[in-house]
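What follows is a set of structures to go through.
Shared chain: chain A. Partners: chain B in the first complex, chain C in the second.
After this line comes the complex of A and B, so read on.
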């Protein structure tokens, strides 16, 4: 090997070694561990093939619940969060006094940690002294008040609203950036042709935001599969496991119940779902960069 | 010609909607601040919308002391101050190689790094724990730096590679004529020209590291090494009934993020926009 062929590797080496050590090899090893029954302490792992997976899908009702919750979270994020993000971006995409302040207000929760948001919102939902129930009482809607986070029927949605408060700024900012790349000319041409504003929106704005939609949808899908901090911080997966998602259930199985094999199988399912979502996206991004 | 005119009534409506929405976004923070500034007694007796009277500022010093907030902030800051610059240097070296060196594996390797963005942290925790145990790096700074840097690599390379590609190749060529080696080109030309991207990445990376929870929860087992997020969880566990202190703690831990955000707001927006164009 000449120095010319070695040099690129030297520059890549630190990143590559750390990436392999911290992410890639551990992820592969997790797949391997998912084929064993192991408590993490004993020296002998028992090979069980795909039994951990079949147990998850056939017998583990919490796993089914977690999978369903991830799906609910994903649909909620794709519709409500992306939709409101786009709506806010459209509202703010005009010359407007105080535009930067409004943008700042809607975006700032995004820079907070999930744990801070979880702690703050758990207090807002407090059954006796929290803001939500006090406000409802003040408005004469006392019969609506309830223990939002302690009731399995409402807990997931209550956490989701907190997550929306935190996360809406991200799609908003991405859409704003996308909107700013759209030139004025097509709108003027459409106006001259007598197009209504909703027609301009459907036939000019949306198609030209295609790239932005791709990014927003990809990050939203991955984000809703990875969601962990805010759920852990607000409910810890409860009450009665009603807010478990794959990531929290994986951590419980692994670090609380010491079922390493089962936890690893959940992680593998999580990886698989993320791959299905993102491989087309990575393919598209790298292919585009050849041009 | 120029701007398309908007009917004044529509503009008023737009403002009304925005102001209502902004209020909805700010009310949770106000309620938390009101709670943090009331005494325990006032919290029970005064209406929830009432201003704290008098302001109980001592709640903040109590939360600061009882919650060990100073220690946890110091710990988190140490991680940030090593992880962010070192991580970005490593990512920039790799991005330089991927964009500037003649090399047939460029795109394949880039895709390989991107794969890391779709691997959830959960899928690495057990093997990483085994690795740290074997190397006696659990609850040590070198172990924590290694893991935090590792998880920043895919995103960092994505952003830096995207920016490096926009720097014209002619600039490199003139540098080669002037006798710069690869390292000289990287340090003296590409890196200084990439300061906007680097600045954005510094801020994003700082926030992500400051806010990180799962890795800290699993890999930092020593109480004295807790970060601000795991520290807040512990504080919440110990003071679950003292809402005034808990909310003061929440506000204290928000403060650094808020300051960084207010100082560098434009980077958040332009940085995200940059990653869109990627």
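After this line comes the complex of A and C, so read on.
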């Protein structure tokens, strides 16, 4: 082994050790625990094989609901959150007066803690005293007022709106950074050739934002799979388990019911779903890397 | 060359910083902590809640001043993070030397897994039967072993606004029929009769269990709680029929299925709702919200059975069974001090409902003695402590789904029974 081979590993070693001990090995241990029935404390773990997984997929109606809710959240995040983030970034990339202030205003909710956002929005949605219903009444739309968080048909979407208010800052900032790396020359050339603004957007802006899209989509997807605090804070997974997601149900199984095996199985499913996104993403970015 | 060495040094320093952050010895998961001292002192670590336990730190300080050979490291948490932190500590064998816990299935986890000190002999030697309420000791006993030092004995009742009741010429109901009549009168006068928030399920559960006591009677109710009787029972069906009826009649606040209990409490203080089910701690809640407890009255839910039982639960201090004997002795001394008459009477205005047989009554908590007297006829353990948590979760789901018309009361009873059977099969 030459010095040239060893040196990179020496630089990587501290971070690699931390990564292995804090993330990789505990993740493997969690997968291992998912094969057992265990309350987390007793000395005997009962090996049950894949029973925890089969129970989840075949018998656990709340798990099925949670998986579906994560899917809905994922689709909503990828379309509405990413789309709105891009729209805001395009707007704030223009030479507007006070755009720096607006950037701060739109980014600010992202730095708030999820529980703070949940508490505030839960009050906004209060059926009798909340701002949302009072505003609808003021606008003559009293027939639209309802208990947004109490109806299983609306609860998840109501929470998603709060999450979107909080989360839109991140894709906005990433897209803004991407937009600012795009040179003006292609736009000028397109203008000379008679291209309209929407044509410039589709044929110049979007292709040149490809790398940014990758980052935004990957982070948004992963975030949507592990959403927890805003749901816990606003509905606690209710009403009637209708807003449960994988992470909230995992916490209930692990810490409320002391079913470590089942909780670990849910965690394993969550990791596997995220890997479906991460592996292609890492492969693609590594392939495109200039190193 | 110089820049290469600088880069390597930077990498190593960064890794050290990260490692020291991960390896922090503090138990600071959302709590406040005081550093221990060194020397020949015995140091014991104690975990409790923070809300409603503001008096605890002062009492601990008094104890340390009187016992300079014992140092206490106190960490206090919010309620839900506390439950999780305790379970994590139990799994990772990092439980503190003494910790607060609720009774029932919330507290039984630790003695059932051999994590707590058996205090049966201590209880006999120190004559706890003369000090603590018998119900409190019984509820701190698991599998015949006294597993905690009782600190609070909480009794629940139905609270109402004196002003609303005077205006409507009502008095505390003594029968179930009178109770339902009052619900209708309140509704007719634009007062939402029942102030419950079902987020988390446990608030509405307090009404559900009173209805269950009414329809099932004490004997069947106890059998249901001990899983000896099937939950697919007419009494359970009738209970959920009542929940459905009250929901359909709009006796609950709008959107109560996802209303936070704190929001339901606010509606009660604002005079928008008629009754709420709360416990011996509620006088302190009322005061901390700037209202006078004397503006409210309390009655025992009319279950029309003999004995007329109240919903009760105990809170206790458990001691780690795996620490050395010096620490255990120090923890017992601290626990008995904190639950003793001297501390209780000193902090009675903020202490909560003591588990003692005798204590001074504070004028700030005028309803505490009334509720404790209610329990003198007997009590049943509150549902979310009496049952396994998986079954409790199913009851919460049933409450919501019946209210939202997703389940019939019959389906509610069936599904709860199914959850009981699943739980039992996992124990075999």
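Structure notes:
The definition used in the following text is that the second predicted complex is superposed on the first by the 267 of 291 C-alpha atoms of A that agree within 3 Å, B and C clash if a C-alpha of one lies under 4 Å from a C-alpha of the other, contacts with A are read in each partner's own complex, and residues count from 1 in each chain.
The working rule: a residue touches a chain if its C-beta (ideal position, glycine included) is under 8 Å from a C-beta of that chain, and two chains touch if they have at least 3 such contacts.
As the structure is a prediction and not an experimental result, all values here were calculated from the model.
Annotation for the three-chain superposition on chain A: chain B and chain C clash.
When the two complexes are overlaid on their common chain A, residue A:18 makes contact with chain B and with chain C alike.
Looking at the shared chain after the overlay, A:149 reaches chain C, while chain B stays out of its contact range.
In the superposition on chain A, A:126 contacts both chain B and chain C.
Look at A:225: by the touch rule set out above, it reaches chain B but stays clear of chain C.
By the touch criterion defined above, A:258 lies against chain C but remains apart from chain B after alignment on the C-alpha atoms of chain A. Counting residues of chain A touched by each partner, chain B versus chain C, the larger count belongs to B. Once the two complexes are overlaid on the shared chain, A:82 sits clear of chain B and of chain C alike.
Looking at the shared chain after the overlay, A:115 reaches chain B, while chain C stays out of its contact range.
Residue contacts after overlaying the shared chain place A:172 against neither chain B nor chain C. When both complexes are overlaid on chain A, the residue A:41 reaches chain C alone and has no touch with chain B. Counting contacts as defined above, chain A residues 11, 14-15, 18, 22, 40, 123, 126, 251, 254-255, 260 meet chain B in one complex and chain C in the other.
In the complex of the two chains, the chain C residues touching chain A come out as 7-8, 11-12, 14-16, 18-19, 22, 83-84, 87-88, 90-91, 109, 113, 115, 198-201, 253-260, 263, 267, 272, 388-390, 393, 396-397, 400-401, 403-404, 406, 426.
Contacts from chain A toward chain C in the complex involve residues 10-11, 14-15, 17-18, 22, 37, 39-42, 122-123, 126-128, 146-152, 155, 235-236, 238-241, 251-252, 254-260. Only residues 1, 3-4, 6, 14-15, 17-18, 21-22, 25-29, 31-32, 35, 43-44, 48-49, 90-91, 93-94, 96-98, 101-103, 107, 109-111, 113-128, 131, 146-147, 149-151, 153-154, 157, 165, 182, 186, 207, 210-214, 218, 228-229, 232-233, 236, 243, 246-247, 249-250, 253-254, 257-258, 260-261, 265, 268-269, 272-273, 275-276, 278 of chain B touch chain A when the two sit together in their complex. Across the interface of their complex, chain B is touched by residues 4, 7-9, 11-12, 14-16, 18-19, 21-27, 29-30, 33, 40, 88, 91-92, 94-96, 100, 102-109, 111-116, 119-121, 123-124, 126, 129, 131, 134-135, 138, 165, 170, 173-174, 176-178, 180, 184, 187-188, 191, 211-212, 215, 222, 225-226, 228-229, 232-233, 246-247, 250-251, 254-255, 260, 263-264, 266-268, 270-271, 274-275, 277-279, 282, 285-286, 289-290 of chain A.
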